[in-house]
Amino acid sequence: MSKDIRSIIEALIFVSSEPLSSAKIKEVLTDVSPEEVDQALKELQEIYENNNRGLCLLQSAGGYLLATRPEFDPWIRRLLQIERKSRLSQAALETLAIIAYHQPITSSEIAAIRGVDSTGTIKTLLEKKLIKIVGRRASPGRPLVYRTTEKFLLYFGLNSLEDLPSEEEIARLLEEKDIDQN
Amino acid sequence: MSKDIRSIIEALIFVSSEPLSSAKIKEVLTDVSPEEVDQALKELQEIYENNNRGLCLLQSAGGYLLATRPEFDPWIRRLLQIERKSRLSQAALETLAIIAYHQPITSSEIAAIRGVDSTGTIKTLLEKKLIKIVGRRASPGRPLVYRTTEKFLLYFGLNSLEDLPSEEEIARLLEEKDIDQN
Amino acid sequence: MEAGDLQESYQVRLEIFEGPLDLLLFLIKKRKLNIHDIPIAVITRDYLEYLARKQNINLNREAEFLLMAAFLIFLKSQMLLPREQLQLNEESDPRRILVDQLLEYQKMKITSSLLRKKEEEQQRRWLRPFVPVPLSLEEEEILEVNLFDLAECFYLLMKQKEDENFKVLKGREVSLEKKMKEILDLLEKQPVLDFLEYLKQQESLEEALVAFFCLLEMVRARLVIAFQESLFQTIKVWLRRERIAEGLG
């Protein structure tokens, strides 16, 4: 039976248009205990890790999804006749990093950290749905407040905001960089 | 090497939105002989036939495609319905936007702005508890009057209706030049 | 560092620096300076030298680069105060704000380079580009929405509705002319304007930038005299009396 559950879950992940959370899987598999679902998910992940085939099972934005392995990118682009995907601008990345770490945050707070006005970049990020407006700050002028979205996690392959490097990791990276430069 | 070819082919079939012909695969894999491609395809089919997992490799309309096994259909339908329920349609979004900014408002006023009858969408929004009936307008026909609910505020992360972005703010965000698009 | 040392770095056009902090970090690294103990005089000279040589810079950003220049000059004057008054402990070090800002910005730069790596890896993974068609469900497009979508949707509907009569209400936009008039009015009332004090009173960064830009314009147009001496802690601005009549008209 457990083998079947894995197969059903695999099929569900395959047809899902967004990362499929284990909660949703449990909602669908009403006659299977939550523990069994978790176990089956674990086994499925192991199968994908070990079989080294064309697809891999990713855990991103709080759910599971199927994707091709990165090393096959050149052939896929040849098939789809797509140039390299366009990357975010440096300004967009910086702004995202600031929002990710300081959310919820206002436009002027972002500008204060970057040292430059960021309205244009915020607009781009909103349009790309990497950030969203979540309300207003209760301060003079009642400025709009921004947060990162699920799509942000998905875009960078993060499972949750906790996957972002910690202060310590950043500090370590900074030190390494310093050493490199000397 | 043959194993790699199988994996590349699997990835290619996965990302292809229509059945992928072996001719197309051979076009992409220029440095692999046609015989090797045919052999790899045969092996890939055998793998899928024997492993009895959630997906199968179909050959139809002159090409290969990945699909879920037919026996998992009931669960997939259940999943798609759940996914659907938690989302809004474009029509629902438009209607909700009008109600949010123009409340209290009647059904015919909504229809006047959208240019189409909105009775069905209003019903959906009522079912989702994003809007509610708050009374009747004292005008001919005494039409029902709608408002957004607390759940609406929750859904969009707002404290109150005053937190809705003003038209000016949205206009500015939309018109702001993308300085970062170098 | 002599002028020549900057030559090679000058090959990099100003646009590639995201802003003044980016440029400052670059200069600090180039000289291998300790970020916690920046020799302000040195870095200010490098910074100004860099700005002076630039060509074709984005005017939107130029104001921000210039604002930083003004701040550096201000810091330099602070650093020249007599030693005993300064007591260079962490708290009273006038460079503190700048250092904090640089450190935070540096952190964000590191993070953004990590994000860049993740982006690269993720971009080489391909998801299924299509959603399987649900068998018998209605064909309505379904979507996930957030507040921006909601507001944008409403805005676009209204725009459609009121098409040519629709007036786009800009947010509180500060025009150069208005700001310049405000500054000139102030100078009419008081002999000397403490410019950094004035900048601090501005409600937004944008407004402060416009104000600073106005000052530069007025100096260029010889409407005012701006004076900054190391012993003073700010930039002082006087009206050029003889020019005002023919001035802005």
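Should a chain be cited, it is by its letter among A, B and C, assigned in written order, with residues numbered from 1 in that chain.
Throughout what follows, a contact is a pair of C-beta atoms (placed from the backbone, for glycine too) under 8 Å apart; a residue touches a chain by one contact, two chains touch by 3 or more.
What you see is a predicted model, and the numbers here were worked out from it, not measured in a lab.
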{"item": "Overall pattern in which the protein chains touch one another (line/ring/star/complete/other)", "value": "complete"}
{"item": "Central subunit by CA centre of mass proxy", "value": "A"}
{"item": "Whole-Å gap between the CA centroids of chain A and chain C", "value": "30"}
{"item": "Rounded Å distance, chain A centre to chain B centre (Cα mean)", "value": "18"}
{"item": "Rounded Å distance between chain B and chain C, as computed from the means of their C-alpha atoms", "value": "40"}
{"item": "Residues of chain A engaged with two or more neighbouring chains", "value": "14-15, 17-18, 66, 68-69, 76, 80, 90-91, 117, 126, 133-135"}
{"item": "Residues of chain C engaged with two or more neighbouring chains", "value": "60-61, 126-129, 144, 146-148, 151"}
{"item": "Touching residues (chain side chain B, partner chain A) in the complex", "value": "6-12, 14-16, 20, 24, 28-29, 52-55, 66, 68-69, 72, 75-76, 78-80, 82-83, 156-159, 162-163, 165, 169, 172-174, 176-182"}
{"item": "Of chain A, residues touching chain B in the complex", "value": "3, 6-18, 20, 24, 27-29, 52-55, 66, 68-69, 72, 75-76, 78-80, 89-92, 117, 119-124, 126, 133-136, 142, 144, 147"}
{"item": "Contacting residues of chain B [partner chain C, same complex]", "value": "11, 14-15, 17, 77, 80-81, 83-84, 87-91, 93-94, 96-98, 100-101, 113-114, 156-158, 164-165, 167-175, 179, 182"}
{"item": "Chain C to chain B touching residues, read off their complex", "value": "15, 58, 60-61, 126-130, 134-135, 137, 140-155, 157-158, 161, 168-171"}
{"item": "Chain C-facing residues of chain A, complex", "value": "14-15, 17-18, 56, 58, 65-71, 73, 76, 80, 84-85, 87-88, 90-91, 93-94, 96-98, 100-101, 108, 111-117, 126, 129, 132-135, 141, 149-150, 155-158, 164-165, 167, 170, 173-174, 177, 181-182"}
